[in-house]
Amino acid sequence: MTLEVTNEASSTRPDLSNRDFALDIQDFKVYYDTPRGIVKAVDGVSLAIRQGERFALVGESGSGKSTLAMAVMRLTRPPGRIAGGNVLLHGTDLVSISEEEMRQTRLADIALVPQGAMNSLNPVMKISNQVIDGIIDHIPEDAPKPDADELENRVNELLVRVGLAPMVGQLYPHELSGGMKQRVAMAIAISLSPRVIIADEPTSALDVIVQRQIMQTLGQLQEGLDAAVLLVGHDMGLVAQFADTVGVMYAGKLVEIAPVETIFSNPLHAYPQLLIESIPTMDERKPLTGIPGLQPSLLNLPEGDVFAPRSPIPHTPEDAATVPKLVEVEPGHWVQLSRSSVADFNTYAHLVDY
Amino acid sequence: MDTPQASQSPTSPPPSRSKTDELKQLYWDRINPIIRYARRNPPLIFGVLLLGGLMLFVGIGYLVYDTEQYRVLSADPGDTRHPPSLQYPFGTDTAGRDLFAVAIRGTPLTLRIGLIAGFFAVSFGTVLAFIAAYYRGLVDGTVRVMADVGMTVPPLLILILIAINIEGGLSVDQMGLAVATVAWVWPARTIRAQVLIMREQSYVEISRLSGSSGMAIIFKEMMPNLIPYITASFVTSVAAGILASIGLEALGLGPFDSPTLGMTIFWNIQQSSIILGMWWWWLPPIVAIVIVFVGLFLISSGLDEWSNPRLRQRV
Amino acid sequence: MTPDGVRSESVVSRLKHATFTELLFVVFHSFLLRRFLFFLLVIWIAATVIFIIPRLSGQDPVKEKLLLEAQRGGAIQTGFEQMAEAYQKRLGLDQPILTQYKNYMFDLVRFDLGTSIAFYPRSVNSMIADSILWTIGLLGTVIVLGFLIGTLAGALLGWPRSPGYLQFLFMPLLTLSAVPQYLLGLILIYVLAFKFSWFPLFGAYNPGTLPSWDFAYIWDVIQHAILPALAFILGAIGFWAVGMRGMMINNQGEDFMIQAEAKGLKGARIFMRYAVRNAMLPQVTGLALSYGTLLSGAILIERIFMYPGIGDTLFQAIRLSDFFVIRGVVMTVILSVATATFLVDVLYPLLDPRINYGRR
Amino acid sequence: MSALLELQDVTKVFGGGFLDTRGVTVAVDRVTLTIEEDIPRIITIAGESGSGKTTLARLLLGSIEPTSGTMLYRGKDFSGLSRRERREFRREVQPIFQDPFESYNPFYKVDHVLHSPIKNFKLVSSRDERDRLVEEALLMVGLQPDETLGRFPHQLSGGQRQRIMVARALMLKPRVILADEPVSMVDASLRATILESIQDMKRELGISVLYITHDLTTAFQISDEILIMYRGNVVEYGDVTKVIPNPQHAYTRMLIDSIPQANPGKRWGKLLEATGTEMVGTGEETEQFGIRPQATRHYDEVEPDHFVMISENDAGSPGEEELVSAATDQGPSS
């Protein structure tokens, strides 16, 4: 249903061929086959990230953001499956390449900083070996094998780059704190200097001070590599601190994409508006607000604007039933336009034909 | 608000609704989901079917066959060692037993040993586990050491020592009890571990802070959630009990006057049925034992899946 | 509750800055010594239970057996008087029970298991010594082989990238794991030894051959060992495969498995170094826990095959009501199980770095 | 003014048993805290994981006993309470836990968690009365009884589950509610409603709330007083409107500086170097912020209702002034 939208969308992108994007996700769909029906966890998401850009994908739990991140790496496991769309990594479609090509692409071209820092390292292997094995498995068949000293130096250098002492390589995961484990995960992610890094809630379960250190280190690494980063998270504070561009997901779809300043100062869709209003600040004490209602079940979602039941904007049932479209309302600012969820709909009504 | 509480505790005031409504509600709340779930748990179904089939065989056999012929020399005292025929479906052995009658009589006896052993082992193990986990400290330490020692000492050996010291050998029921004396170790260990995990859970804490007594916490909060574990460990204990009893019987320490599956195996070994080429003698008890063990194993792994929410979600 | 930092500190910096003596203290104080004390405790409790059980029936076991033997008369008539006397002296049967217990324990400490009643004056020690080598030779091989093959089979069964047809192996393996091994032995004897005569029916070597270290004898021994070994291994493979498969499937959901794939590692490396390596850990613990059960199974296999190992000795002793031999075999088996579990526990930290001497 | 619940110099030490080589953890180090009877307050205990805040909550709930120091309930030593007094304490001090799902017994419908305290504390005499009490409590937290009762916990949303736990606590008419990270597992959009009902407890029902959290932003929004904990010590405490805008202790400052503010214009300052916990395993652990278990210390009143801990370090460790000034350098760039 958003297929036409995407076509339309890509045609409206001014003088940028797909090659200019580091990561170009087009009309991407990830479905879960459950006994009770198909859960459309990611349903027609399109977004593109330029080289060197930090793109944050935010949404509540169950909005499909983590599912999207894993599916981009093609790590979706049954009953989940990629149900359609393309993921162009510097122009190569990751959805259609062979499993072996995908394996070689992981880490070398697109790396993951995982969510569960606590458990993402093999508990029975020394840190240095866990850094090394990724490197070794990406050496081309015909290339000379590096000797042990060379590898050790490389591991040490990587550990230092993420702010760890080289001797950490000789330890086992259980001997490290949560922050240190996440730093190791980052060292692994940058070990082959990938151009795209996906960070899936990299600081969940970490304390604020450590969280700041990790995010700042990640930022430094991103700058050093000029990599494109897709940060997945739910903490609007972290997003404000880190991202250049923000995409807001709701119930498997993107409702708004905008530069970080715009999304905080001038969100157009009701969901990001309410989301941002509900963040408590440290500046002044004021009554807290929330978003009324619940996120709908992704099983058998009705057609139309899924946010309508929670939207404070007055609307008719017809408005809510109209399938909304994601349109670029100003350069770099995309909104899922619908009468039921966008207060300024009339301003942009000329961009859509309903 | 006026939905009747199917999960109400027995001590709460009687509900205003009629008993049938209550039962209907119970069905929809508790039993129906179980049935629906069971459909997605083939091991459980398959295991139940296997054992059910075996029981059906025994039941029908009792109804239509003269099972008294299990006794020595009761079938054709003149010429022994009949291969299977219409008259003797499973043949006869060197001592003139009708092996079909033996199979029908023996299978439930062996199951009986297992059930007795399983029942006492799990009851004792559960009580011990709760006492240990509830009182902690020295009591817990003692139970833990006892269980750990029990894990190290092979049950069969202790059973041998018990059996050789009982005059006139063991009866079927004594056999079950003897096996129970060594089989409580595993249930005690696993259930204790579960109780220790559970008592740290928030809902137990909430219940305690809601003024519930220790007994109420054990029986109303913990027990219902432990039922799958206890059932699974009962099934496992039954299997372990049968295994140990057959071993004991094969060594010649079983009830000589009872035609249990293990004793049938013993007579096979004793009379060298294999060299005599009497395959019909040893095959039925082995098949019956295999059905029992595979059935019990499938049921316990099915129950495992039921009690393990992580596996359950995957079903 | 404990902050990460505190835990790391206790492990790393404390051990790093400890002197050698302190290190020894930490090691012994915390783990080895405690584990060794537990080992002794197991032996002591087991020995005590063995001492108590016969006395629960209210009769003196030895006296009873001696009477029984006296009634049977026959082969062992000569020397019976001395034997009875020797027991009187040795055990002090008329003495208070505590004295008896003390003597019994004292003999145990010196590993003196007493004298056979049926084969007087042979010592139980020598009878066990004669048979135990057969058991160790057969068992040692089959326990290791069964564990390795079974674990590998389970690993392949639980690996999502294994070819689909492998799954057909699961039901047969599950059935094998559920069947007592000695019953498998019966079937094997019937089919392979009786029907096809590929292997000898029973024993450890041909009664005609004289034990010597020549090729014919060794070949004879191997031929005799194959069937009992096969019976044991088949059952063990099923047992270990079913367990390992479960571990492998459980492991699939672990974050480090997903991360290994995200690292673009080769399938073989993920399989060996990540999946199998971690799924092995509970298997090894399982090996220690089920060693006793395996040994009981081996005893029954020896019984079926009339293999002259310790199990056969035990069976003969049961048949002849040879109490001291039974007790000696039981004690030996318990000692070996306790030693094996002790060794596994002590060596386990080598496999799993999370377990170290400092904790547990 | 009479104190309802009082901690005096309470210390809780874990570990250190016979043959225990894991070492000793001082989870709570000489904490003094008073909850008044007549003036309801929302008091925040803030700290990161391992700071001892959850241990403090369990001490106050009577779930664990202090290693040293005393806990007083209505002026009486807690360990010397009679059966009846202890029962009264059970009802008057009620918890709300972090994970609303784990607070429910999966075997029962949500009604169970509401009915069992009513029965145990004998709050009502009839079934109708009980049902009325339950409905009132649910309406109070903004839930429709017919939408929530008779369901199993997994059939409700996280926010609904947590609000039922709030209703459960309110139903018992407690004097104090201990809310241990009540919103950290609830989605941002639902956070507000739960925090609001916590504020309502104080405003409308006169209940004091101990709000235990690692989130200083919500603490700043809803509480009256705040205690900042670090490694078992209260390093700074006082009126929340004084402590947060004007933090004195180096740790508090670093904590506040590290909060990711939802404002792209107010980004973090320069890269924060690894702290003591991060460097563990790389060599000597630095004694951060002058915290050392059982060290000599006292509290300075830097302004009315605002206290900061000063620890008397032994020579070699940085003094308090040094740390404070070091932290000032690390302030946000904006």
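Think of it as A, B, C and D in the order they're written, each chain with its own count starting at 1.
Basically, a residue touches a chain if its C-beta (ideal position, glycine included) is under 8 Å from a C-beta of that chain, and two chains touch if they have at least 3 such contacts.
Values in this document were obtained by computation on a predicted structure and should not be read as measured data.
*Asks:* Going only through chains that touch each other, how many steps at minimum separate subunit A from subunit B?
*Replies:* The fewest steps needed to get from subunit A to subunit B is 2.
*Asks:* Counting C-beta pairs in contact, which chain pair has more, B-D or B-C?
*Replies:* Between B-C and B-D, contacts are more numerous in B-C.
*Asks:* Find the geometric centre of each of subunit B and subunit D from their Cα atoms only, then give the gap between the two centres in Å, rounded to an integer.
*Replies:* Each chain's C-alpha centroid was found; their separation is 49 Å.
*Asks:* For subunit B versus subunit C, what separation do you get between their C-alpha means, in angstrom?
*Replies:* Going by mean C-alpha positions, subunit B sits 25 Å from subunit C.
*Asks:* Can you give the whole-Å distance between the Cα centres of subunit C and subunit D?
*Replies:* Comparing mean C-alpha positions, subunit D is 53 Å from subunit C.
*Asks:* Please report how many Å separate the Cα centroid of subunit A from that of subunit D, as a whole number.
*Replies:* 33
*Asks:* Counting only residues that touch at least two other chains, what does the list for subunit A look like?
*Replies:* Only 171, 175-177 qualify.
*Asks:* Can you tell me which residues of subunit D touch two or more of the remaining chains?
*Replies:* 49, 277, 280-281
*Asks:* Out of subunit C, which residues touch more than one other chain, so two or more?
*Replies:* 4-5, 8, 12
*Asks:* Residues of subunit D touching subunit A in their complex?
*Replies:* My answer: residues 48-49, 157, 159, 187-193, 195-196, 214, 216-218, 220-222, 241, 244, 254-268, 271-275, 277-283.
*Asks:* In the complex formed with subunit B, which residues of subunit C make contact?
*Replies:* Going through subunit C, the ones touching subunit B are 38, 41-42, 45-46, 49-50, 53-54, 56-57, 61, 174-175, 177-180, 182-183, 186-187, 189-190, 194, 201, 250, 253, 289, 292-293, 295-297, 299-300, 303-304, 314-315, 318-319, 321, 323, 326-327, 330, 333-334, 337-338, 341.
*Asks:* Enumerate the contact residues on subunit C facing subunit A in the complex.
*Replies:* Touch list, subunit C to subunit A: 4-5, 8, 11-12, 252, 254-256, 258-266, 269, 273-274, 277-278, 281, 351-354.
*Asks:* Okay, in this complex, where on subunit A does subunit D touch?
*Replies:* Of all residues in subunit A, those touching subunit D are 60-61, 163-165, 167-168, 171, 175-177, 179-180, 183, 207-213, 215-217, 220, 234-241, 260-261, 264, 274-276, 278-282, 285-291, 294-295.
*Asks:* Can you list the subunit D residues touching subunit B in their complex?
*Replies:* Against subunit B, the touching part of subunit D is residues 61, 63, 87, 90-91, 94-95, 97, 99, 102-109, 111-113, 115-117, 119-121, 127, 131, 134-135, 145-146, 149-150, 165, 168.
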